[in-house]
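Heads up, the next two complexes both have chain A, just with different partners, chain B and then chain C.
Up next, the complex of A and B:
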């Protein structure tokens, strides 16, 4: 029954059961608390990283520590709400001081962050040791704010965290459009009349809420990771802000929950570091393997592109040497001399082209290669595409024809059929004019830029 | 030597060695990289203890130096992929490395000789009991030797490569063009930051060392425009804060390392408010002075164009000044003998006033 109240779904209980753990009261609180933190931190951390303010989260977390101690000294309570309020206020003061010193003096952003972070944390530790040295043993509970101790969360803590988190998330949903514009183009947002200062204050306040939620579970020192890592991971999987927020919240919740479970089961494993390492692992996987943006995918597609360019260049060379005719045999040594690539690589590439039926090998005394009919057609088609593309770019983008190097093979994806037809008609007219001039004057103008300039499919 | 004196000297050496490298972190806008390094060297220290079982400070410095450079390279590597922005790259790397260090410390405190409190606060109170024995002879306090050597190394590096550091800091492109290898300077500096952090670790822990790196240097940056002076001031503020921190900690019975950070912060706030040229007060005074001087120029030029005299009200309306502003400007000008206020309440220039009015630019 309590499970339902805390919003923890039963599949998670099943997973925990499979792991051989008891789905106890403590574990439930721990997992719920860490998951709430992960969702809120992931969502608000996304805005912070997009706005290049991710380290502000680190600074205000450290600056929140004095507030925790002062709240404790004033109220004498170990309840989480007063401590969280103290933390939030103190984080706010730290942020304002950071803004004040960086806006009014020559101190730059990085030093401003470092100053507030280190003196705030120093003040917090000084107060913490003062509390510990003057009070009895019961005071040491404040320690949990340093590295986080999810196991110390009780049901009331989780409820407080959930309410704060729900308010923060609801604000994000309500002001999604405004926050989106603020994150990507604040100048434009200001120019169309958005109250950008208010929005900035609000989004920073929400970041403070996220940090405050995280303090007990992950601790002031490492809470920044729950803001940055899930957001950086989510960014790799999507270009859509809304999807990114959902994914980031999900990654955050998963890291929080798993980290909390591990830390509650393994003795002397602090929750903060456990959560951080899981979130970092997720980020590393995303950086490497996410489709399209992932580094592995990028390496594969770079390789493919290079190969395509090289194959196209060989076809081009063959066509040039054979004046576009199919069947004219060109000696391998000539091709190699032109391209300047290692012989084995070229042989392999020629074999690849042969397997696609574009070139044919003939050994007549010495090795030579010729275009097949299909190869000649493909080469002609490639140079046609290149010309169309260049013409389009020169017209529409105002670029000099020589400056255009672009993979022309995907031209149909970029240009609508009408535009293609129009440009082709223009090119035909130009060709006709060129032939006309050529018959007037003895030497016709060169129809193609001389060899080394542009070539089909050279990457820009 | 009394325990108090040993602690204060140790603190002062921490302050001095950190301030020297910290100055360049602040000027090169790499303060947060200093923060990252100071966190992640914990892993280096712990890993050396863990794998070699040795407490040799040389090994610890080497291990931590390696992890420090690893941090910098990882941040640059991640940032260069273009997938993550620079601040986020810093925020990804150091929490991860620090977490591994903390987990090792929490799980195997006896194997690594340090506990979590040591990571947070350092153990400066114990430095008086940690003496170095060389060849069977007592050679004095270990902290003096380590921190003294670090301070000297840092100072020598800065003095020997002063020109290179200065150029690489203020105009990296030009430094590269002249063949000063700013990248080598960069990594050397990062290595020194790492080493300094390790040596300071026993005194102030892994996190408060950031305060000693950045805060005194930033305070000094507000006091001067000259690099050498800034270095000297940063060292003085760092050492002074350390000594002041000792007394603060004794007074309120708290952590010495934390109190050192707090005193450094207080010194920074004082500089922020009262620094002669870059302080908040000085800037407001400057603003006020410029505004007043400008208002007086307007008044004098206006009166010069209207020799028949002008009433106070007209001037206020002409320049959109409030009644109070007008009255302040006019009273000051009358007091300085530039303007006379006739019985008919019409303002005219005195002789001195006409001379000054001719010097107003634009007329």
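Up next, the complex of A and C:
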């Protein structure tokens, strides 16, 4: 109700005006209704996806169809409240049936859902045909429950949806901690005394409420998208459950509102597909562009990583070629021969290192490069990290040290502190032993030889 | 009944309830623990999934203040035994008592670490948040964890060497680090009896040592630990007692007495050489 008066009107009215549409009574209802179903669907869909139960949402929706028809047959009313109650009850029966067959027989979860979904939908279509044949075709208007028709929402429908939605959201806020633990670790939740069966039934009942709210506007076939898509999109942007719920509700509301406006303007475009298209677009953008989890991000960080490794290799090559002589100038052609990379790429990478003050260029007849003091230090530090990493990997995986290559720059992030301290102590001992052996001329390599060429960092 | 129990705690100060419970379990402190009711007493326990028995007529009385290993091949019912003790799976016959009472009345004395693979580590939460879940049992309905709970959780993270990772998303932790987080959550439960399902599975060598040290610390505080263990080579190093399980309880007692070749053979059948990584190691593990 508040949604209708305050929440939606002003900013969206502006958008609508810009689009050259009339902010009419119908449009306002449609947008408010779709936004409500988006919020509720987004929030409860988050729990459903995290609990790997999004298929349950789809099943519920399909199982709700017979209830809609039966409610219509009994009451003969097109009011949404009795139809919603019918839908909810029949969704509940479907869920109980699903629980019954998966818990008492060997039928697996997915098969159980499939059985309930197809049975419910089949029964629903049968009843729908019956209703339409007896009441004159299209009389009942029940076919809007298949693909959704937000334009058919009246003010009372929106109020009913808002009340149901508010109850569902309030329950989530109140039981946030309990629902979180139930979703993350149900066994642990049960062990500390949470009535997990009751909580599961409750969270499923709320999912039914979300579905019921969406049925008239989005339809039984597509309502599942409003449960899954906003939640998947939201997960991309955050690692906190509470933030995910808020974002998912927001994405759901935006998809609902825009989808409803689109379908009201384009003839014959049902609301369901329109909402789903918007929600899916949001999801696609999120999968692509979200920081850290997004595909673009992954590609960029892969590129950065490759570049970091290449830059480090050049530094190592310079240090190796200098063989301990500070500031030794190595001809560019030598470096290129060693790396086997195109000349232009190497020049660019050298320039990058030079801009960080790690290498210096000198032209003395032909082009050559040398490590600066800072560059030598950085290389030594990198060698140290790499040694620690290799030692760690060798111990953990029982691989020969030489077989291990890994970017060691983030070693402190990966290794537990005591492991780091221990390995460093070991390496110091190994170094000390090597110095001892060096004096009586090494007879053979140490047990797990590291690289034969000494690097500046290892020099005593 | 558990509902009533937890919601009670919202009204009565948690610390008071806790001290009362502790007193009823161990009336006069540490010395009486040995003579009081056993931490875990299992009688004639049979558990079946869809009529197929997974545990058959198991009798087991765990000694207080000891580290007890449960070993047995895959599918032997080790996890199920723990779950049955915690009332997580329906029992077909027999009963379990925890410190002399049904588990439902002793929850607060018991901590539980499920198998690491049983949860989704991509769940949107961080290490500190997971450890805080160890306090949910004492929090009561509707109440959100506050400063006190986070403080305890942070202490426990420190205890397992994970203080620097408190705000790290749990999917970004290594297997060993995830196991440490689970361990910290169990510590946050501040229990007297700890059930751990494969705490050493898939962890790095350093974490394994850290966990062993923690177990020994728990034992020195008089706590009892029952852990499913998969590595036969370390049973005698890490544990006092061992239960050899394969649907039936093959043997149970101090490691020195019952961890014999004959018992291992009875538990694992012909698979023993394969499971423990080669004949040499097997004989080393079983040598007397």
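What we mean here is this: the second predicted complex is superposed on the first by the 322 of 460 C-alpha atoms of A that agree within 3 Å, B and C clash if a C-alpha of one lies under 4 Å from a C-alpha of the other, contacts with A are read in each partner's own complex, and residues count from 1 in each chain.
Everything that follows uses one rule, which is that a contact is a pair of C-beta atoms (placed from the backbone, for glycine too) under 8 Å apart; a residue touches a chain by one contact, two chains touch by 3 or more.
None of the values given here were measured: they were computed from a predicted structure.
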| item | value |
| --- | --- |
| Chain B versus chain C as contact partner of A:192, first or second or both or neither | second |
| First (chain B), second (chain C), both or neither touched by A:157 | neither |
| First (chain B), second (chain C), both or neither touched by A:317 | neither |
| Which of chain B and chain C A:386 touches, first, second, both or neither | neither |
| Touching partner for A:174 - first (chain B), second (chain C), both, neither | second |
| First (chain B), second (chain C), both or neither touched by A:283 | first |
| First, second, both or neither for A:244, with chain B first and chain C second | second |
| Which superposed partner A:58 touches (first chain B, second chain C, both, neither) | first |
| Interface residues of chain A shared between complexes with chain B and chain C | 52, 106, 235 |
| Complex contact set, residues of chain A against chain B | 49, 52-55, 57-58, 101, 104-111, 113-115, 117-119, 121-130, 133-134, 146-147, 221-222, 224-225, 227-229, 231-232, 235-236, 268-270, 272-274, 276-277, 280, 283, 287, 293, 295 |
| Touching residues on chain A, where the partner in the complex is chain C | 50, 52, 106, 174-178, 180-181, 183-185, 187-195, 198, 235, 238-241, 243-244, 395-396, 414, 416-419, 422 |
| Touch list for chain C against partner chain A, complex | 2-3, 5-6, 50, 83, 86-88, 104, 107, 110, 112, 114, 118-120, 123-126, 130, 133, 136-137, 139, 141-145, 161-162, 164, 169, 174, 176-177, 185, 189, 204-207, 210 |
| Chain B to chain A touching residues, read off their complex | 26, 29-35, 39, 78, 81, 83-85, 87-88, 90-92, 95-96, 98-100, 102-103, 106-107, 116, 120-121, 207-208, 210-211, 213-215, 217-218, 221-222, 248-249, 252-255, 257-262, 264-265, 268, 272, 278-280, 283 |
